[in-house]
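Letters A, B and C name the chains as they come in the text, with residue numbers starting at 1 for each one.
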Amino acid sequence: MKGLIATRLMQLVAVILIVGTLSFALMYFLPGDPALRIAAGRYGPDMMDNAISDMVRAELGLDQPILVRFLSWMGDLVRFDLGHSLVTGAPVIHEIGLQLGYTLWLAVTAFVLSLVIGPVAGAIAGLFPGSVYDRVMLLVAVGLRAVPPFVLAILFMMVFGVTLRWLPTAGFGGWENLVLPSFTLALGLAAMSSRVMRDAMMGVASAPYFIHARYKGLSDRAVVMRHGVRNASLPVVTYLGLQMVYLVEGVVVVESIFAFPGIGHALVHAIIARDVPMVQGTALAMGGLFVLLNSVVDLMCLRLDPRLRRAA
Amino acid sequence: MMKTGSLAHLPAGLAEQQAGGFWTTARMAGVAIIVPLLAFAFIGPMLIDTDPLAQDYDAVLIPPGDAAHILGTDHFGRSMLARLAFGAQLSFVMAFVTALTAAVPGILLGILAAARGGLIERGLVALSDIVLALPGLLLVLLLLAFAPGQFGPLYLGLALYLWVEFFRVARIETARVMTSPSVEATRLLGFGRFYIVTRIIFPALAGPMITLFAFATGSAIIAVSTLSAIHVGLRPPTPELGAMIVELMPYYSEAPLQIMMPAAAIFLLVLALQLLAGRKS
Amino acid sequence: MTRALLARFYTLAGILAVAGAVETTGGITGVAMAGANDDVLDIASPLEISGLDPAKSGYLFSRMQAAETLFTVNRESQIVPMLATGSQASEDGLRWEISLRDDVTFHDGTPMTAEIVAADLNRAFERPGVLRQAPITGISASGNDIVITLSEPFAMLPAFLAHYSTIILAPASFDDAGEVQTIIGTGAYRVDAVVPPLRIELSAFDKWWNGRAQIEKVSYLAVSRGETRAMMAQSGDADLVLSLLPVAVTQLKGNPDVNVTVATVPRTRLLKLNLAQPFFDETVERQALSLAINRKAIAGVVMRNTDLAASQMFPPEIRDWYDANMPVLDFDPQKARELLADAGWVAGSDGILEKDGKRFDVTVRTYASWPDLPLIATALQSQLRDVGIGLEISVGSYTEIPAGHADGTLEAALVTRSFSMVPDPLATVMEDYGPGGADWGAMNWHNAEAEDLIADLRKTTDGDVRAQMQKKLADILQAELPTIPLVWSELAMASSARLENVRIDPYEQNYYLADLRWAR
């Protein structure tokens, strides 16, 4: 267990360094002039021109040699100084803190919702394979994943926001604003995890220990809960780690549609505007978050399957 | 709410299925869907002589069922039938290639990691974590910026983060199988690693991997569509299913059927793949 | 066992959420966004807050009447004083005296003085902004006047002082480094909170010099997707929505709870051409290109209004530039083919024209921040193919265009150009079509007569003389076509039926919030 935590910590450090270097390098080698892009981000297309971007270039020292800029950036990073946004001028940490907060609310709510919906639906399907319920669930799961999240979002907005008027269509600030966006994400996640849970549950149901438990005379409920769910959970929990990726990516589009000022939205704008400190900051935030959540998943895996403890 | 004896059907049912062999109802349904779909996507473009790029400003957003335009037209008056066929071809091929590019290394590395363990496993897991931690969107956007509007970087970027899915699940499943009694028995009998891998591990992985593959294919198409939604993606006027959904979205109140058509195509493809994948044996 | 684990996991998730929430407490526990049927005026538009500096987001604050400029433009498109009371130029035109109002207070109570105004203007002059384009040599305060000295006569000075980068802010808005920390202006609404990049909260200011706003609270949300904005208008989550897609306009017009107002704005979508390229170096080639374009179809299909098909660069609403007698930009593909043939272009085997071994294959750069641009490009591609011109569309960031202009790699670009940034189109025209061209204007175009006209126009103050010269300039642009106008623009605004006195400003300077009122 301790070894695992140490490993994860080392990974976190490695992730920070590599993600940071990579994003700097990629942004630097990207074709196009960063000064132009930053000027555009600041002043908008109608006012932006080459003269203004020259001023920006001089102001930000973008004409310095790359090694100088990289070293100074690395130096800042080590001191946890993420710099200032080249577009807004505000400290990156402030901006990310705010945005990460919003995204966290969204992501965690979506994740929790999907944990409630997905595995439950999938487990029931796994216990009654071939039933009407199972087939309907298949169609629903595939349907949810075959539709781009942005279409789902607009659909929900249309139904719940405009037609039924149960919830606000967009914006942020109250818990009502969280519902639609997190639901959009949660359903996509739940679709996948329900299928994985179903397959796992079916596998478990045919496993020797399961049959053995029934022969032992245990009630169905005990069998399912003690032996079924726990073992079936293993691939599901493994998959949870991967779902982070779906969440993190899905968040971008959902934030854009529901006008939620989160990390995804910020990352896209930062890349387009060549706001290197913001890109690095957001990539680091997302990366760090991901490693953290994966550590949690690892711990859960270890608890669920003692066999893996030997391997870890 | 579960009554005693309600699970009685389970082991027996599964045994039946295993005895019943390959062609379950689900698989047959899958075939029934995918064959016409693939025919439409690959033979269709050869048979349809309407140009998917030809614009007709007098025939904008005509609903399907029209004499001249069987599946209607889009916002530029282009034939939906032609665009769907060519778009399906492009989308299916690219999604399949992407999923394959992600699956092969992913699975092989996963088996390797679980089989060898130790430093190799740790290294690979660390690598996969780092790749995942770098936001896939960032990767794709940056790769695309180097070669805007072209297919290569787009799908390469997607494959780069899809492989980890295959790697992780393959690794965990292989680990589980390796500790099962059948593998122990095989080892005791003296069969080599190669035998174990091909005869036991591959079949055990087949189920989950095919499920993953089905979803990866769908994910690839959806990812392209999502990128189009934030104005990053293929160059117009290339017909592509995901991009078509995005282009037609603003017209949802006037022409909802036009949006449903590419969405239905993607849905059917993913559904068919899922059905073909069948249940874990 | 599993239950315990799950419980532990949920707790962890909760902790994470709380940790994140600590940072966002202000935002999340604030008033729930966009409630329908309350007395807060909810506004939605696509423009985000990219920083508090006037040059960056000043337009948001001036449009919402939180900050004001010395001059502004009225409904008759005339420049009129706002924070100023009038202006007087010297005989030689090199010295302007601008008298200021004496009854203006900032939102924090400090009175507006000439010294404060001079300081603000000097700051705007030194930083990126429009004032640098004017030949200003000095700005100072004298009594209750502002004195501006110029290096040459410049008739458009008041118009430049209507630009949003010259909004007047209280000294307390700036920190020691001269950066804007809060917006303390002089307008009808006081800024209560700014949550960049998406939200601004305002409330009515009691001591406004021009009366008092009727609606007490305003909340602004930046919503980048057109579909979302349209739905917010429909559901009532937004009472005022700016910038709607043409499809949404049709849809909303059928909704009894929503009023849709549409105005033509001085913004033209045009094709910028690099005249150094062999494709465009001869005037007949450019004229042929123009003849091959079916503007009515583009305007009809993309913008849903065939009246927007541009017959010349400036729409009829810009009275001093629009020339009704000018020969119209026509659609005649046959003539286009003939002209191209005359210029030496011959059709190759696949239908694409060739000349001296070079194929007529052009890469057009455009951007998606205006959603109709890629659509217009797609239509163009198909139309030009008919006459043998191959178009490759590259949708990227709009920065690719100034970049391509600077390094000469740009072949053609599809852009949208506003003529009302400074509410006098000449300001933009003199930059775009002056000597050397500009990032968003002509590229490698030389015309002595146009250059002379522009030089004269900068100094001329007489309205009628100016109008004549401007029309002459417009004629030259029409004949030579250094850039090819495609379609004009409309601004669509949706407002709740509960709102009265809704007015749309074609110059996009002001939302006239102070005049708005809830219907009884």
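Some notes on this structure:
Keep in mind that, in the parts below, a contact is a pair of C-beta atoms (placed from the backbone, for glycine too) under 8 Å apart; a residue touches a chain by one contact, two chains touch by 3 or more.
All values derive from a computational prediction rather than experimental measurement.
A comparison of C-alpha centroids places A closest to the centre of the full protein.
Across A-C and B-C, the chain pair carrying more C-beta contacts is A-C.
Separating the CA-averaged centres of chain A and chain B is a span of 20 Å. Remark: chain A and chain C have CA centroids separated by 36 Å (rounded to whole angstrom).
Rounded to whole angstrom units, the spacing between the C-alpha centres of chain B and chain C is 43. Among the residues of chain B, those in touch with two or more other chains are 249, 252.
With touch defined as above, residues shared between interfaces to two or more other chains in chain A number as follows: 32, 154, 158, 256.
Counting partners per residue, chain C has 227, 369 as the residues that reach two or more other chains. Taken in their complex, chain A has these residues touching chain B: 7, 11, 14-15, 18-19, 22-23, 26-27, 30-32, 127, 129-130, 138-139, 142-143, 145-151, 154, 158, 192, 195-196, 199, 202-203, 205-206, 211, 214, 219-221, 223-224, 234-235, 238-239, 241-242, 244-245, 248-249, 252-253, 256, 264, 267-268, 271, 279, 282-283, 286-288, 290-291, 294, 301, 305, 307-308, 311. Considering their complex, residues 32-33, 36-37, 39-53, 55-56, 87-90, 95, 97-98, 100-105, 108-109, 111-112, 115, 154, 157-158, 161-162, 165, 168-177, 225-226, 229-230, 233, 256-259, 261, 266, 269, 272, 296, 300, 303-304 of chain A touch chain C. Interface of chain C with chain A (complex): residues 1-2, 5-6, 9-10, 12-13, 16-17, 19-24, 27-28, 30-36, 44, 48, 50-51, 53, 55-56, 128-130, 132, 165, 179, 195-199, 221-225, 227-228, 231-232, 234-237, 367, 369, 397-400, 402-403, 405-406, 418, 421, 438-440. Considering their complex, residues 226-227, 245, 247-248, 250-251, 294, 297, 300-301, 368-369, 371, 374-375, 377-379, 381-383, 392-396 of chain C touch chain B.
Partner chain A is touched in their complex by these residues of chain B: 2-7, 10-11, 13-14, 117, 121-122, 126, 129-130, 132-138, 141-142, 145-146, 161, 164-165, 168-169, 172-173, 175-176, 179, 207-208, 211, 215, 218-219, 222-223, 225-226, 229-230, 242, 245-246, 249, 252, 259, 263, 266-267, 269-271, 274-275, 279-280.
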